[in-house]
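Two complexes, one shared chain (chain A), two partners (chain B, chain C).
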Partner chain A sequence: MAKTKLDRAGGGALETGRASGSASRRAFIGVFGGPLVFWQGLFFVAPLIFMFVMTFWAVRNYQLSADFTLANWQAILAADYAWDAYLRSALGAGLAAGIATVVAFPCAYYLGLKTTPRVRILGACLIMAPFFTSFLVRTYTWRTMLGDEGVLNAMLGWLGLGPFQMINNLFGSVVGYLTLVMPLVLLLQLFSISGIDRRLIEAAHNLGCNPFQTVFRVIIPGARNGIVLAATFAFVLSFGDLISPQVLGGSNPPTLSILIVDQVRGGLQWPRASVIAVMMVVTLGVLVSLAMAFVYGGSTKRAKRA
Partner chain B sequence: MTKSMKKSKLSSKRTRRSFLKNGIAGAGVLALGAPTIIRKVEANDKVLNWLTYSGHSADEVIGPFKDATGITVNAKEYADGEKMLALIHGSPPGTFDVVTSDAPYVELLVQSGLLQPMNPDDYPLDSFFEEFWNWEQHWFDGQLMALMTSWGYNGLAYNSEKLSAEDVSSYDIMWSPEVKGKLGMRDWYLPVMGCVSASMGHKDPYNIDDAQFQALKEHMFTLKPNVAGFWNFAGVFDSLANGGAYVIPGCGDWITGLLQRANHRIESAVPKEGAIMWTESVSIIKDTPRLDAAKELVRYLTGVEGQTRLMTKSSYMANGPSEAAWKHLVETNPEEAKMLHMTSEADNIMAVLRSGRIIPRRLPKNQSMESWQEAYTQFQNL
Partner chain C sequence: MTADASATDDENAALLRFTNVQKKFGDSFAVRDFNLEIGRGDFVAIMGPSGCGKTTTLRMLAGLEHPTAGEIRRNGEMINGLSPWLRRMPLVWQNYALFPFLTVLENVEFGLRNDKVSKIDRRRRASEWLDRLGIGDLGHRSPTTLSGGQAQRVALARALVLEPEVLLLDEPLSALDANMVVRMQTEIAQLQKALGITFVYVTHNQSEAFAMANRVVIMNQGKIEQVGEPLEVYRLPKTRFVAEFVGTNNIIDGTIVSHSPSGVVVETKLGQFVSTNPIDGTLGEASRVHIIASADLVSVSQDRPKDSKNVVTARLIGESFAGTIVILVFEAAGGQELKVQLQQRALQDLSLDPNQEFHLVFEPMDTLVIPSV
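Entry: the complex of A and B
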């Protein structure tokens, strides 16, 4: 009943808006949408185009000069280490996205459905707390924890175990990626799980689902979009992260982001660095598009069916 | 309801209008203000723009200069030579008045016509060790283009609780099973590959032909089973301090001195095959409108006060070319002088330099920087 009233009121306001003329509406969109378009155009689209153009430039005497050469593409695409680094970056990011999704889910589930709103807000604040400290500082702290003579190995040593090599390898990088993405994945999952209609969960219980069946049949499908988007963001952030593979992975072996730095370092090869950056942007573009299609494509279909 | 809606519409209009108005006004202030600020800096003789290595613009280094002259130093700091080149080529002329760079890069700056010849009589060269009076990498066509402010060596840094001075007297230790998984690497190809090249007996490690370069690559690749990781400055520091590495090539007193200050048993050695020298040189940018202030800064940096402060700064320690400053440091701070091997004993660092075991660093001569970097990336990728 209350809902219908609200709907009606909303509809009325919209009509009034339309009646007062589309000019003000356009101005409204201009004022609120304009800065975004301007910002994205100036700081995202334009640099992206510039970066792509730069892949065809040349470096002479340590100075960039406009050119049209395919040499940079040939150099990078023909390099074994570039493809190794590509697969390595994708593997690390994939592991981070997968592990973060699985580890965050029980926590998000508990906070989203099993606690009082007050505890949920407190929990969300605690999830955000790591953002108060710089990521670089948190990463170096992990070195102290995971190093060969670090805190964790010392504790394992008391039990007569180890020492285990936990930094300067893929394990270290993934720990770094998880430090970076875990709060975000948790928050996104928490929001989508909190948004699930409780009546569906009650219905599932009433119809005889045990708690596990409820999770797999109701909660995961209900929070699907949030889970997929969170995992996608986790992959995107990890794939491009420089700090984790450098500080915790010890560049051993290097990822694409490290290659970008090294291309510039050894001979100011901005064009070759741009080639690698374009490879990364295209990969992430395809991945995000697929995720969006999966998430929103499905819902449009559902909407049509309804 | 209608009344309140009208009201809210009005107020939203007002906000929008004032938002637009304020926004335009704000942009106008910015547009008009920016050139004024820039002009102010341009016209002021008491301001100097200095492009230099990290840690140099701190008060612990140039505080006395600022106090004595009243000159404000706007420093832009960088961490490696390529970044410096990018900054200097990417900024409009007049952005910098003074530049501190690594000696091999002085040549690149001279080639680009960016430096102003200097008059040796303007500076306290007579207080320098004789070796640095006519430093070959600073003179071009009989003109002095740079003056050395700091130098040091990149040999082997090692954990003296795990390895002995005898162990690190040769680069051979890097291949030893003793350091398996404990051989650290810097993430910069230039010093590391210089050390590996020196280990193969090349007296001029960066001047090798293509066959020697190929052999260098293959020799370096055999190190990989021992390598723990490739680190930047902070990573090198942490790994030496916390047992992640027992030995790291391409390091010297400039880094281990800091660790000794924190009571770590980490030392540096110049292996018998020779260590690679690093240098920092100060130059004046061509046609600077603030030539007098620039000269003043160069005089300070090469004088006793500036030299002593550069040697013991907290960002990284350094040897200096000034004999007068060396003596001053030995008298006033013998402990730090010892960390830098700047003692009055016979085997001090100047003696090692004179013996030819510290080799000036150059840029790869017969191959491109890209191919050296690529070899290093292949090494990392193994």
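Entry: the complex of A and C
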């Protein structure tokens, strides 16, 4: 009897707890999530819509005026220089994403699986250390390293090589992009690799895979999602970066980000700049969607099989 | 040529031989003084409480740990430092360790990919094993969607498809529910007989070990306590640890008073006991010993028997039912606890009055005398 009563009382208390819990949870989400939603709405979604609307506006006598014209779209889409810049941006970002993925992997593999937790934490701190210095400063430093009379060419000169042109070209831009994205790629790869179940690695060894084969047959498939997301972020950041192509790439021929600046500076062509920006946003939107589908689609496909 | 000659020398050698194997982690011994021979076609169960070194022993066989000292030989050849991927001694893991990013069929094919086998052949062999283990229809599923019993079969198929000389199993049934355990036990035992390959099976569960193995190794604190056939280990425990770990045994401390071909007489605080079983040759008069009697070989009587030897008077203090058998717990003089295991039916002839005294009879032929350490 007493037990039943107790149970009932307990149940009642639990239910009230749950009800007030959901109300307070909603309040919690509202208080802490609200500002972010407000911020994103005000400073991201609204400007994005405004930017898209502006692509149909016109510029008359250096004055921006509301209009509905397809002239801006026609001008940009018909311009070879715009498509050249588009391909150049995509090529640079693609190279940066690819090189960062390949170069970061051995380091992430080593830190994630082959060291003690203490070394791993130290390694992660060192990876983050570049963020302590402004990206602009780091890019200018590269100029002194890679310039025609820079440190690297001086050293190569002693060996009777060079000088090589390493800035004011695609090489320089890609070095800049890599400086920007490498820490992020390395961290994302490190997290996904250190999350791999060690028993799977031992199981692979047990089934005849040497450590090298294990990397390709267990580590990479196991860390696939992290590797793909890291590469996607690397592409997104490099594709939109302005500093690297300007400081290290020499601005000419331009990338899309430089083109946007040129359109605005040269003739206050805000609408045309907006067209280019919309092209970039759509490109990255498609790319990120594909990456997400690849990463999360795999798991839904698997669930469906069941 | 010389290699061939030495191979002939070792033809009669055990498939696997441990000689004084030792494994240290830091300053503590995980395994020590480990000597064991495992023959071709043996089903060896290594059993012991957690932390006794049984899993470390298995991992040393797989090459996932390397001995600190001693030798492990396979077919006479030392394999102490041989890398795991060169051993072809597949392991069935406690939690299966299936690759979640591969399908069931791809998991089973995994080990064959390093062999020079065509893709079609590989696929056929993997499918055959899935069929043989009754999960042929699961080939395209992800391992993450399988039940415990199904995952266990996939793990077995993945190992057996390699047609190994030795299969290692690390508590493979510990994550399954009771019904499935009994089914898999039968299947694994049949599989081992049919294949005729050596199984080395690690478990903390004695019913698993006794149901399947033809040799049982009992380990404690990194050392082997006893090796033997299941029934031998069960009926003739050699150490106090084995007597406590295996089966349900009564253990009474005592001292040998006399020693003759007709039997050993031991004086205990519960009276004198006679055992007609052979004893350790090192034991003589005045040696400290333990009397061991299996709970299922002790009989209970309400009437006092004529002979006073091998009889203990005790009070019933508890009972526990386990299906068809019942374990009665008695307390004798000096708080000594004694257990008697009876069939449920035998219990019906006995009135279990807690105030009454019972007489427990230990037959001399069912009483063992082992040295006290």
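Assorted remarks:
The working rule: the second predicted complex is superposed on the first by the 279 of 306 C-alpha atoms of A that agree within 3 Å, B and C clash if a C-alpha of one lies under 4 Å from a C-alpha of the other, contacts with A are read in each partner's own complex, and residues count from 1 in each chain.
As a convention for this text, a residue touches a chain if its C-beta (ideal position, glycine included) is under 8 Å from a C-beta of that chain, and two chains touch if they have at least 3 such contacts.
Keep in mind that this is a model prediction, so the values were computed, not measured.
Overlay on chain A: chain B and chain C fit together in the combined arrangement. Contacts of A:V247 after superposition: chain B is touched, whereas chain C is not reached.
Legend: residue contacts after superposition of the two complexes on their common chain; A:I260 is shown touching neither chain B nor chain C. Residue contacts after overlaying the shared chain place A:R224 against chain C, while chain B stays out of touching range. Applying the stated contact rule after C-alpha superposition, one finds that A:V275 touches neither chain B nor chain C.
In the superposition on chain A, A:V31 makes contact with chain B only, while chain C stays out of contact range. In the superposition on chain A, contact of A:L95 is made with neither chain B nor chain C. When chain A is checked against chain B and against chain C, the one touching more of its residues turns out to be B.
Contacts of A:L237 after superposition: neither chain B nor chain C is touched. Here chain B and chain C sit at a least CA-CA distance of 30 Å once the structures share a frame through chain A. Note: no residue of chain A belongs to the chain B contact set and to the chain C contact set alike, using the contact criterion stated above. Interface of chain A with chain C (complex): residues 197, 199-200, 202-210, 213, 217-218, 221-222, 224, 302-303, 305-306.
Taken together, the chain A residues at the contact with chain B in this complex read 13, 16, 27-28, 31, 61-63, 79-81, 84-85, 140, 143-144, 147-150, 165, 167-168, 246-247, 249-254, 259, 262-269. Residues of chain B that touch chain A in their complex: 5, 16, 19-20, 80, 82, 85-86, 89, 108, 111-112, 181, 187-189, 227-232, 234-235, 238-239, 242-244, 368-370, 372-374, 376-378, 380-382. In the complex of the two chains, the chain C residues touching chain A come out as 62-64, 83-85, 88-91, 93, 95, 97, 99-102, 110-111, 113-115, 140-142, 144-145, 158, 162.
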